[in-house]
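In the two assemblies presented below, chain A is common to both, partnered first by chain B and then by chain C.
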Partner chain A sequence: MQQNSTAKQAMADSHSKRPSQGIPDVIFKWILILPATIAVIALLIFPFMFTLAASFTDWHLFNLNAPINFIGFKMWASVLTSSYIHTTTWNTIFFVGLALPLEFLLGMTVALALNAATFGRTFFRVFFLMPLMFNPIAVVFLIGKLMLQEDIGPINDVLMGLGFPRIMWLSDPFMAKITIVLVDVWQHTAFMILMFLAGLQSLPQEPFEAAVVDGATAVQRFRFISLPLLGPVALTAVLIRGLDAFKVVDIIYSLTGGGPGQATESVTLTVFRTGVKGGDIAFGSAASYLLLILMAVFTALVLFATRKWVRVSY
Partner chain B sequence: MSARVSRRDFLRWSGSAFGVAMLAACQQPVAPVESGSAPPSRPFEGQTVSAAGMPWMWENTKPLYEEFLEETGMELNVATFQQQEITDKLMQAVATNTYFADLLAIPNNAAADIWGNDLALPVPEDLLNDPEMAWDDVLPVYREKVLAWNGVIYGMPHDGDTHHMMFLHSLMDDPDNQANFSGEYGYDLNPDRGPQTWQEHRDYAEFFTGWDWSGDGDPNYGFAHMMKRGDTAFWGFASRCTAYGKHPDDPGYFFDVETGAPRINSPAFVRGLTEWKDEMQFGPPGMISMGWGDVIEASQALRVAMNVGWDGVAMHREGSLAAGKSSYSVLPGSYEVYNAGSGQWENRSEINFAPSLAFGGWEISIAKGAENEDAAWALAKHFTNKEMGNTFAFQGFKNPIRISDIADIEPWIEIAGFTERSATTYLRALNETMTHPNLVLNLRMPGWTQYRDALELAVSKALAGEASPENSLNEAAEAWSAITDRLGGPEKQRDNYRTHLGLD
Partner chain C sequence: MAGERLVGRVIAYIILVTWTLVVGIPTYWLFITAFKRPEAINRGATYIPWVDFQPSLLAFYDVFVLQGLANSRPFVNSVVVALATATISTVIGGAGGYALARFPFRAGPFNNDRIAFGFLIQRMFPPAVLLIPFLILFRTLRLLDTREGLVLVYCAFSIPFVVWMMRDFFRSLPVEIEESALIDGCNRLGVLFRIAIPLSAPGFVTAFVLVMIGSWNEFLFALTFMFNKAVTLPLYLTLQTSIQAGTEYWNMAVIAIFSILPVAVAGLLLERYITRGLTFGAVK
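Right, the complex of A and B next:
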């Protein structure tokens, strides 16, 4: 008992605010979190607010020596009424709307197969994850420039050998949209596989054993056990991959440059073209906030749609 | 005496130590005292010049400047970027007035932004009078216009770029082709100069499309042009329209020199785009996705009979099937030219040629505020003096910019690997282009990246069938006007355009 009291006293002493013996705890805590706070303010909050502020000006980098004027929501109005932005917004939604479900379904399918595989398991796991290890530019060169070359590429060669017409993978506006999706699916399905495989392997075995005893088929086990239990993993995968897909730029920039016409240009590419390359900081900032709003809407929709199916707390 | 260190003391001491270290780091380094000064033969001993450029400028050319560095004692710190990257970085540095490097390789389009805003140093008088530089040997269009802004020379004469037409004379020489072509089109193939008008170019392209003239078992095509948006479509399209849109009596091409209004939706450009789109049937499938690199590959592989582009040397590189078969000519012209002043097409008795100084080359310039200015100018001189300039050109590290670069075919045969016929036509095409009175200069305007993007978008939309040539170019003209407004208005940009053309 005496020892206990001594220990408590020692602890109390160590928490005391006696400047002569050291720094008060409350200040010391602030000192410790100061670097992180500065980093967050400098690298996150400041750029965020700076971009927002820039979107209310007429700032153009290449209009040197010209004053920067506050113009209220004028630039936002320009962005929202711009047919150029409308097209790139629809392109982005089309891309996410097609690529994400495809990657989800393919990822889930392959993950289930890999989870059940008994032969060559390790090899196939590594094999299916390989696209994720490639640089996107290398993927574009490999698939876009070599495989899908419209005149002498091997895929058209095979298709035409089989009697199909030549497919204009990159030159036809609609096919170019599809090609961008296919290239993205080729590369990023591996992410879904990774997530689902990890999820499947962490599921408890008891429900499955009970279901087998009850005579449930494989489809029923998937539908009523695996799928609900994978909910949190699926939600996480969709959000991460979906938000990433909204920002797609590398594949498009190197494969089609946004063309033909404006067929494949994404909002991020527009922001890059106008704000970074073109120097139109105000327009680019407002457009980047449009993208942010789109992504927030997407996140809200996904969370709303899965609120009963996936029980997670935030 | 307590051995404990309080947290405050710890922070105080560590902070003090950090402060002392920072102060020490901020001190100017003290040069070690040596018994004697650097020998005169190494005048830049201990000085480091930072340079920015593309990899091809610095990596393969090392043997051409290593000895210079050794002799002068100069250290060189090179930052290489790909073409688009260096342009972006340069422009951002310009816009934010940020130091980028001592020696800059400037894409000609960016000259208005960099030189026009006084962000680079004028070439010093002693270099302008330096016999080794031989400025009289620099082609006048470069010396007087391209390397200068507002009458002041800022660029050292490094790289000269023009668009010219390449055609396979081997095809035009063939008696069967000659007979068949004459029978079909009512005039003869021209093996010496190729098609002379865009109408003839269409005929040639049509004739050489859809059959295996290369003997590789696959059908071949008439031509390949750079059409890819975000790549080189801006220059491809600009060069396609010069014969229609550049009137010999009117200095303006992209803009009206009196009002600053864009001309890119004039009937001349609409006609050029309409024809370009129609002619795509005579090019490889997917030509809308072909950039300059793709055009070179298709030409080297004998998939196409003609192209328009920059690099005659490429056809003669190892592995090129077009080596010894290619000839060159100025861009095709037209008997009809649009007069923007009268708003009418004019029929002319002679062909209106309007060659294009597309891209205009990479100019070497020294940044204002360069840390080692003298050393940077010395390096610039080493790269661009007459003797070294010739060597660079003949070895294919840059395109000709000097009279002596294109005066003699021998080095092109011996060093660059041309045949006599290829070299003769190549140098003739370059000479006729760069000395032509109706030459269209590469566009140098503040904000040119946005102008370029807007025009490439319109061209690409029309070529992809997403809009008619007229509508898409009208959209582009509206976009150009909006860009002009964002950059200070039509009067300001008109003045810049006039300065670019050397009118004021």
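Right, the complex of A and C next:
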């Protein structure tokens, strides 16, 4: 790394001594990076600050001519004490808390099986990646609205044929939460498979050979070699997927609309409802920052819980 | 030893076949639903064509001929928005990635690694935080319900990702080739266009396809800012299923298939390339 950057430095120097050849490096490098930097500052960082500022006002779009006042933490107080926000926050945590471990375990299991397979590997790998390419709304349609349809869906048809009662996948408030998780698991386990498979294939072979010579069983090899070495990959996978899961909104909006009642509504959907549809800019802004805080806490907890056995190098 | 290995392999294939069914059956169900007539759906679950229902092309006729005009607009919107976003963000992000991979930067506390991390971290923030400022921006600039607006938002999300990915890619290319070109009298632009870009073509293809898939599948911003003219396929699918209370499953299945097909085909063909992009370079 150090050597590499010295080489690059040398390359830059050798060139700047010959001014006859077009644009000098110092200008060239800024021309290359400026558009991306401006885009990020103008379209991401500035809007983030804007939302933070808006969360301390009483801005409401439907009070057309009313002046916008800074009211300090009043809006935050009403967000934090709102039972509506409490419900949707718990819904979001419930969703992440169920979907993430399920995807993690299923993904690791399937990836281990794939790694042990001898023929048909490419087929399985490509086939298992497929759900990740589907748009979430199509996944909602094929899992939530076709497979799990309460009256004419094949899953209830088979279950009832086996003597089970009809399961109210969407009209029962608790089952609706589960159904949302199932839709997400069907699609995003693919990501975990992808991560773990890439991790397994990048493991060095020597420890395994040595363990085989020493007479370790497959279970022992997994427990004492694969698992510790997979640590960094597992941590990255949990962080990426977990943070993504906190943002859930599309499958909920198009499957249940947040219902029945508010049984499945996530924080992002609340921001959409109050801030965008309801015009309550201030409330929506504070609620969206609440989600950001929630995600930061999640990241801190994951990093803290795994500090003993995983070191990330970013 | 040999016995243990055999048992392990049998278990592995049981798992693989199970997961193939989990992924395959719903996909199969989506395809056969598109070929069902209304009666074959409404009377209860029917499983196998020609055995318990007679396949028909009625839904395809409905979607492409009878409602072809209405259905073509969201499709065209999705294609235009996805391609425009992918092109713009690959160019801008690729330039940024190249700069960060090949030139030393120093701006206050920021060096190359920190700037790159600053780009990466943008991807972790919740889009919900951006809904409200973009709502104000779109109302002010009259971008509501326009494809241009959607491309703007999607580029904002994609550019940081492309910067991060392409920086990683350029760094994996040997710098010596570019050095020797410089010594041979090629200028910086020449090095970029004649050497760096051709050598990193696979990286650009990966970035392009991933951004294309991402913006093709995006839902929240399309839902917030597009109502009529510039509706994209995922939004259209949602609107259709809720308007008709989800009763015309056969037509919906056809639309769903065509909302999946273009990106799924592109993604699966380039599977090898995009795996690295999807794992964020977490696994080298």
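Heads up, the rule we're going with is that the second predicted complex is superposed on the first by the 275 of 314 C-alpha atoms of A that agree within 3 Å, B and C clash if a C-alpha of one lies under 4 Å from a C-alpha of the other, contacts with A are read in each partner's own complex, and residues count from 1 in each chain.
Heads up, the rule we're going with is that a residue touches a chain if its C-beta (ideal position, glycine included) is under 8 Å from a C-beta of that chain, and two chains touch if they have at least 3 such contacts.
Note that this is a predicted model, so its numbers are computed, not measured.
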First (chain B), second (chain C), both or neither: which does A:Met168 touch? first
Is A:Arg273 touching anything from chain B or chain C once the two structures are fitted on A? First, second, both or neither. first
Is A:Ala263 in contact with chain B, with chain C, with both, or with neither (first, second, both, neither)? first
Contact breadth on chain A, by residue count: chain C or chain B: C
Partner chain in contact with A:Leu182 - chain B first, chain C second, else both or neither: neither
Identify the partner contact of A:Ile23: answer first if only chain B is touched, second if only chain C is, both if each is, neither if none is. both
Looking at A:Asp157 after the superposition, I want to know if it touches chain B, chain C, both of them or none. Which is it: first, second, both, neither? second
Return first, second, both or neither, reflecting whether A:Asn63 touches chain B, chain C, both chains, or no partner chain. first
Kindly classify A:Ile143 by the partners it touches after superposition: chain B alone (first), chain C alone (second), both, or neither? second
So, A:Tyr253: does it touch chain B (first), chain C (second), both, or neither? both
On chain A, the residue positions that both chain B and chain C contact, one per complex: 21-23, 28, 152, 253, 257, 276
Show me the residue ranges of chain A that touch chain B in the complex, using the header's touch definition. 19, 21-23, 28, 31, 58, 60-66, 149-152, 166, 168-173, 253, 256-263, 273-274, 276-280
Residue set of chain C touching chain A in the complex reads 4, 8-9, 11-13, 15-16, 19-20, 22-27, 29-30, 33, 41-45, 47, 92-93, 95-96, 98-100, 102-105, 115, 117-120, 122, 124-137, 152-153, 155-156, 159-160, 163, 175, 178-179, 182-183, 185, 187-189, 213, 216-217, 219-220, 223-224, 233-235, 237-238, 241-242, 246, 249, 252-253, 256, 259-260, 263-264, 267-268, 271, 275, 278-280, 282-284
Mind listing the chain A positions that touch chain C in their complex? 4-5, 7-9, 11-12, 14-15, 21-23, 25, 28-30, 32-33, 35-37, 39-40, 43-44, 46-48, 50-51, 54, 106, 109-110, 112-114, 116-118, 120, 124-138, 141-143, 145-147, 152-154, 157-158, 186, 191, 194-195, 198-199, 202, 217-218, 232-233, 236-237, 240, 243, 246-247, 249-250, 253-254, 257, 267-268, 271-272, 275-276, 281, 284-285, 287-289, 291-292, 295, 299, 314
Which residues of chain B touch chain A in the complex? 6-8, 11, 88, 91-92, 94-96, 113, 117, 218, 228-231, 284-289, 303, 446-447, 449-450, 453, 457, 460-467, 486-488
